[in-house]
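What follows is a set of structures to go through.
Below, subunit A partners subunit B and then partners subunit C, in two separate complexes.
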Partner chain A sequence: MKIGIPRALLYYYYIPLWRTFFEALGLELVISRPTTKTILESGLRHTGDDVCLPVRVAFGHIIDLKDRVDVLFLPRLVSIARREYICPKFLGFPDMVRQGISGLPPLIEADLNLYRRDSLYPFFSALGRNFTSNRFAIYLACRRAQQVQARYIQLLENGFFPEEARAALSGGTGEEQREPARGWPRVAVIGHPYNIYDPYISMNLLSRLARSGVHVCTADNLPETLVREHAARLPKHLFWSLGQRMIGAAWHYLQRPDVDGIIHVASFACGPDSLTGELISREVKRRGKPFLNLTLDEHSAEAGVVTRLEAFLDMMRRRPLLQVGGNGR
Partner chain B sequence: MKGYLGIDVGSVSTNLVFLDEEGRVREAIYLRTRGQPINALQEGLRQLAGRLPENTGILGVGATGSGRFLAGIIAGADVVKNEITSHAVAASTLVPGVQTILEIGGQDSKIIILRNGVVTDFAMNTVCAAGTGSFLDQQAARLNIPIEEFGQLALQSTAPVRIAGRCAVFAESDMIHKQQMGYSLPDILAGLCEALVRNYLNNVGKGKEILPPVVFQGGVAANAGMRRAFEQALGWKVYVPPHYDVMGAVGAALLAREKMAGGGSTRFRGFGVADTNFKAGGFTCENCPNLCEVVEITCEGEAVARWGDRCGRWSGSLGYQDEEIRNAV
Partner chain C sequence: MKVTFPHMGHMWICLSAMLEYLGVNVVVPPPTSKRTLTLGARHAPEFACLPLKLNLGNFMEAAEQGADTILMAGGCGPCRFGYYAQVEHAILEDLGYNYRLVVLEPPRKHIGELLSKIKYITGHNSWREVIKGIYFGYQKARMVDDLEKQAHFLRPREVQRGSTDRAFKRALQEVIAARDPQDLPKVREKVRRIMGAVAVKPRPVLRVGIVGEIFTLLEPFVNYDLERKLGYLGVETDRSIYLSEWINDHLFLGLVRGQRSRKEACRAAAPYLNHFVGGHGQETVGSAVIYARQGYDGVIQLLPFTCMPEIVAHSVLPGISNELGIPVLSITVDEQSGEAGLVTRLEAFVDLLARRKGVVVQ
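Then we have the complex of A and B:
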């Protein structure tokens, strides 16, 4: 049986978990193709105009999948950490899809809600019963999935980007240590994984930076405990998990002397982003680090992004040139 | 005489300057791009060649503006730089100690914050072009006054009317309404300037620490009404430098001088390119669903540059590839 998973939203966080679980139960995974103009446009056609860009893209990925899989995996993500929620659009996503797209294959749904109880087992148990009545097989698949996910997280914390970490997992070469990244300046890119790791949506942001010699780090390269420690400096607990992650990471990188600048990537029409962006920029002002806020939407022209990035890098690169040389021009 | 050539190909104007070896502006040319950047650039080179003495030596060429890659290929630039860095370099060289640069051009506006001669923050207008030169041009045409007289008329106002400047479309309907009500033209024009300044400060200048000396440059700085509105809103004297309308080109020339100080010879193709047959064409690559819009520049029928593809199939296919463009982020 072929199960389809859209290459969108929390795919970038959870794919090793989903993949291991379903494959252990004997299912064949089909991941939608990387985002292209065609995928984005089909997503735009099927969503209303008040929907944020990441959800529109996710719609495109479901359309890309729907005719070539037997079932479609669409979990209802309510909460991914205790006492926290994630964006309501994730919560309503399966319903939005059912409303907006016709001719869907059967949907495999289950609620992922860790608000009260930090255990993935009830979720996987409900999922697994769609495919087998063997509870022990489900238990084993769940355990194996969590082991692989833990390794994935470890790889990310060792400085891998998701794509590299997935390659290391599937290669099984045991390359736990990444070659230490070099480059200058060192820039922290803070944004939702589905924005910054999708090369089409981010207009190749990460590879552009890498190509011009920048040493890039992201929120996912930091251990969860460290991120939460910094986010805890907020006067009130932030109940959005993703916002918590971005703020904690930004605040951490802001106080690191070896990080030269911060880029905040937001998507237009994202409510939580507008808030986290503001909180980050206030802290930036106190610390005085170079900061760039990039807002992405489906109309974004590459030229505007390139100009801003170039100017941002110049801002860091020309600094020592002027201060040391004094007469650089 | 020897010196440096700076070229700024923008959406509305194409500017060229010639700097002598000491960095003084010797010639400046301001032309309308009229949607034909190649023609405008060739016309500019032709005019410049006519004004410069026969034996003038070009030591280096810098290109900037939204058409900088195009200009870089056609003229043969040693430096291709974004507008923000170019404007900052020009202003901090011509106005030592400048801390804030307000720049309003044809279709974009930016703010650049400098401290101790170093850019510390900047912003460009995002989704809205209200208040840029094109809008002022359009309103001047609608009111049947030459754009050159707009500023002087606005200065005659004694009681500016309040106009909604949030959006160009609403500003226009508000202006028409005020005209129907019988307000005087100078009061409406001054009101429009105030509205645009308000919009600029709330939008582009949001959260920026604007400190004197403040420099106002770009084509719109010619408008004395806008300058006065800025002075009233900020409470500081706003300085409009000589050559305010070609500052981008001045910055590009200064950057070329900086680059050539490191040795090497210029890649300038010579003033003869004004009469060479350059053509810009484009096609949609259909090799993958990204459907990239590829730009191809031909010189006498031979492709000299291509860009716009995400994968490098076209831009990498030419034996010769411009180093400055390849190095851009």
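Then we have the complex of A and C:
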């Protein structure tokens, strides 16, 4: 049986988890093709104007999949950490898809809700029962999936990007250390995984930076505990998991003298970003680190982004020269 | 200590009644205006939703009148409102305002967190007095809501155009003027007489249910007095959220009987929207279903630009419109909205409804 998984939203975090689990149950995975203009445009056609870009892209990926698979994996990601949510659109995503796209294959649905409990098992057991009545097989698949996921997270924390980490996982041992990244200046790219790791949506932001000699790091290269420690400085517990990660990472990188600048990537009309981005940029202003705020939408033109990136990099490269001659300002 | 709070329609009547009953020094911000919006939009994040910008404007205007403490509600997400107070406070601080912030919200660890905040605001009053004060505020909210409901009924049927609005304004003044819970029965009687004096004649009207995000529903400045405009177009309206219902649902946990509850709406939302999505997203969907079942002629959804829960609802509503055969109009508002555009869309929508029903209105 072929199960389809859209290459969108939290795919970039969770694909090793999904892949291991479903393959352990003997399913064949079909992942939608990398985002293209066609995929984006079909997503745009099936969603309202004020829906945010990542969700519209996800619609495109589901349309790309729907005629090629037997079932479609569409979990409702309610909460992935205690007393936190992801965003209202994740909560309503399966319903939006059902209303917006016709001719869907059967959906494999389950609520992933860690708001009040820590165990993923109830979620996986609900998923697994669609395919087998063997509870032991489901249990083993769930355990195996979580082990692989833990290794994936470890790889990310070692400085890998999702693409490289996945290659390392499937390439056998998965324990190889990444060659320590070099380059100057060192720039932290802070943004939702589905924006910064999707090369079409981010217009190759990460590889473009790497090519121009920049040492890039992201929020996912930091351990969860460290990120949460920094986010705990907020006046109130932030109830968006992705926002926690972004704020915590931004504040950590702000403190680090070896990080020369921060790029904040948001998508047009992203609700949580409008507030977390504001808190980040206010903190950055107080501390005076170079900061670039990139807002992406379906109309973003590559040339405009490139120009702004170049200007930003030039500014960072010239800063040390200024500081030698003047008083640091 | 001079306490202020953000505007949301007639909420200030209920809140200031409650606080003044408890002897708290209250500064009601000037009514939300173009200036409020300009101030707020200038300093708030660009993609923040409209209520945040207006709140911010309210606080800046209240500071001009000497307010030094903000009383706000909070929440635990996933709607952005839960983080409003903190972001607004950070912005005000950077602008040099010296506000103390008191956020009433579900406590994270212990109920004492909430109680101590209430105590901070209400000072020396006993808990018995505090509860009496809260109930006084609730009763006022309920009277205002009843007035609004009557006005919605009268407006499309009034003989002399504008007579409902005049009566409503006078009645509202009576409610505002009540200082003590003991006066309320008298005020209720007086108000009934005022509203009863509006002359009406039976004529065919259209019925439209208005659903959506609570702030845009309750604040006439934001929705350009939508209900009044519809009333003059010969439409009787009902709204999915009234302030007193919200208070009953969220503060009294539904203790007061005989009021509509959000639970019904949430149940009715299945199978279109099977999970809560924060804010009033599920209520919006469920109320639209209920209005369709009750035989309303149309539904209007109101939402601020980029409102996350309402965008989910917005994506689901076309399916309801098709399956249950009820026209739905979604209206997005932000600081760029214009009144003329809204009027045109409303007129077109009402024409469509009238033609579908085969009646001539006004």
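Operating definition for what follows: the second predicted complex is superposed on the first by the 316 of 329 C-alpha atoms of A that agree within 3 Å, B and C clash if a C-alpha of one lies under 4 Å from a C-alpha of the other, contacts with A are read in each partner's own complex, and residues count from 1 in each chain.
To be clear about the criterion, contacts are C-beta pairs under 8 Å (C-beta built on N, C-alpha and C of every residue); 3 or more make two chains touch, one makes a residue touch a chain.
These numbers were taken from a predicted model, which means no experiment stands behind them.
Student: Will subunit C clash with subunit B on subunit A after the two structures are superposed, or do they fit?
Tutor: fit
Student: So, does A:L275 touch the first partner subunit B, the second partner subunit C, both, or neither?
Tutor: A:L275: touches subunit C, not subunit B.
Student: If we overlay the two complexes on their shared chain A, which of subunit B and subunit C does A:H237 touch? Say first, second, both or neither.
Tutor: A:H237 sits against subunit C, while subunit B stays out of touch.
Student: Quick check for you: in the superposed arrangement, does A:L209 touch first (subunit B), second (subunit C), both or neither?
Tutor: In the superposed model, A:L209 contacts subunit B only, not subunit C.
Student: Considering only touches as defined above, state whether A:M96 meets subunit B (first), subunit C (second), both or neither.
Tutor: second
Student: For the superposed arrangement, I'd like the angle with vertex at the C-alpha centre of subunit A and ends at subunit B and subunit C, nearest 10 degrees.
Tutor: 80
Student: Could you look at A:L72 and tell me whether it touches subunit B, subunit C, both or neither (first, second, both, neither)?
Tutor: It touches nothing on subunit B or subunit C.
Student: Examine A:A145 and indicate which partner it touches, taking first as subunit B and second as subunit C; both and neither are also allowed.
Tutor: In the superposition, A:A145 contacts neither subunit B nor subunit C.
Student: Which value in Å is the smallest Cα separation between subunit B and subunit C when the structures are fitted on chain A?
Tutor: Value for subunit B versus subunit C, nearest C-alpha atoms: 6 Å.
Student: Where on subunit A do the contacts with subunit B and the contacts with subunit C coincide?
Tutor: 268
Student: What residues on subunit A touch subunit C, complex-wise?
Tutor: Going through subunit A, the ones touching subunit C are 47-48, 50-52, 76, 78, 83-89, 91-92, 94-96, 99-100, 111, 234-240, 266, 268-275, 277-279, 282.
Student: Write out the stretch or stretches of subunit B touching subunit A in their complex.
Tutor: The touching residues are 23, 66, 81-85, 89, 93, 116-122, 124, 126-127, 207, 254-255, 257-258, 288-291, 310, 327-329.
Student: For subunit A, which residues are in contact with subunit B within the complex?
Tutor: Touch list, subunit A to subunit B: 33, 36-39, 199-200, 204, 208-209, 211-212, 268, 281, 285, 288, 290-291, 295, 297, 299, 303-304, 306-311, 313-315, 318-319, 322-323, 328-329.
Student: Within their complex, state which residues of subunit C touch subunit A.
Tutor: Its residues touching subunit A are 45-49, 74, 76-80, 82-83, 86-87, 89-91, 94, 103, 108, 272-279, 281, 305-309, 311-316, 318-319, 332.
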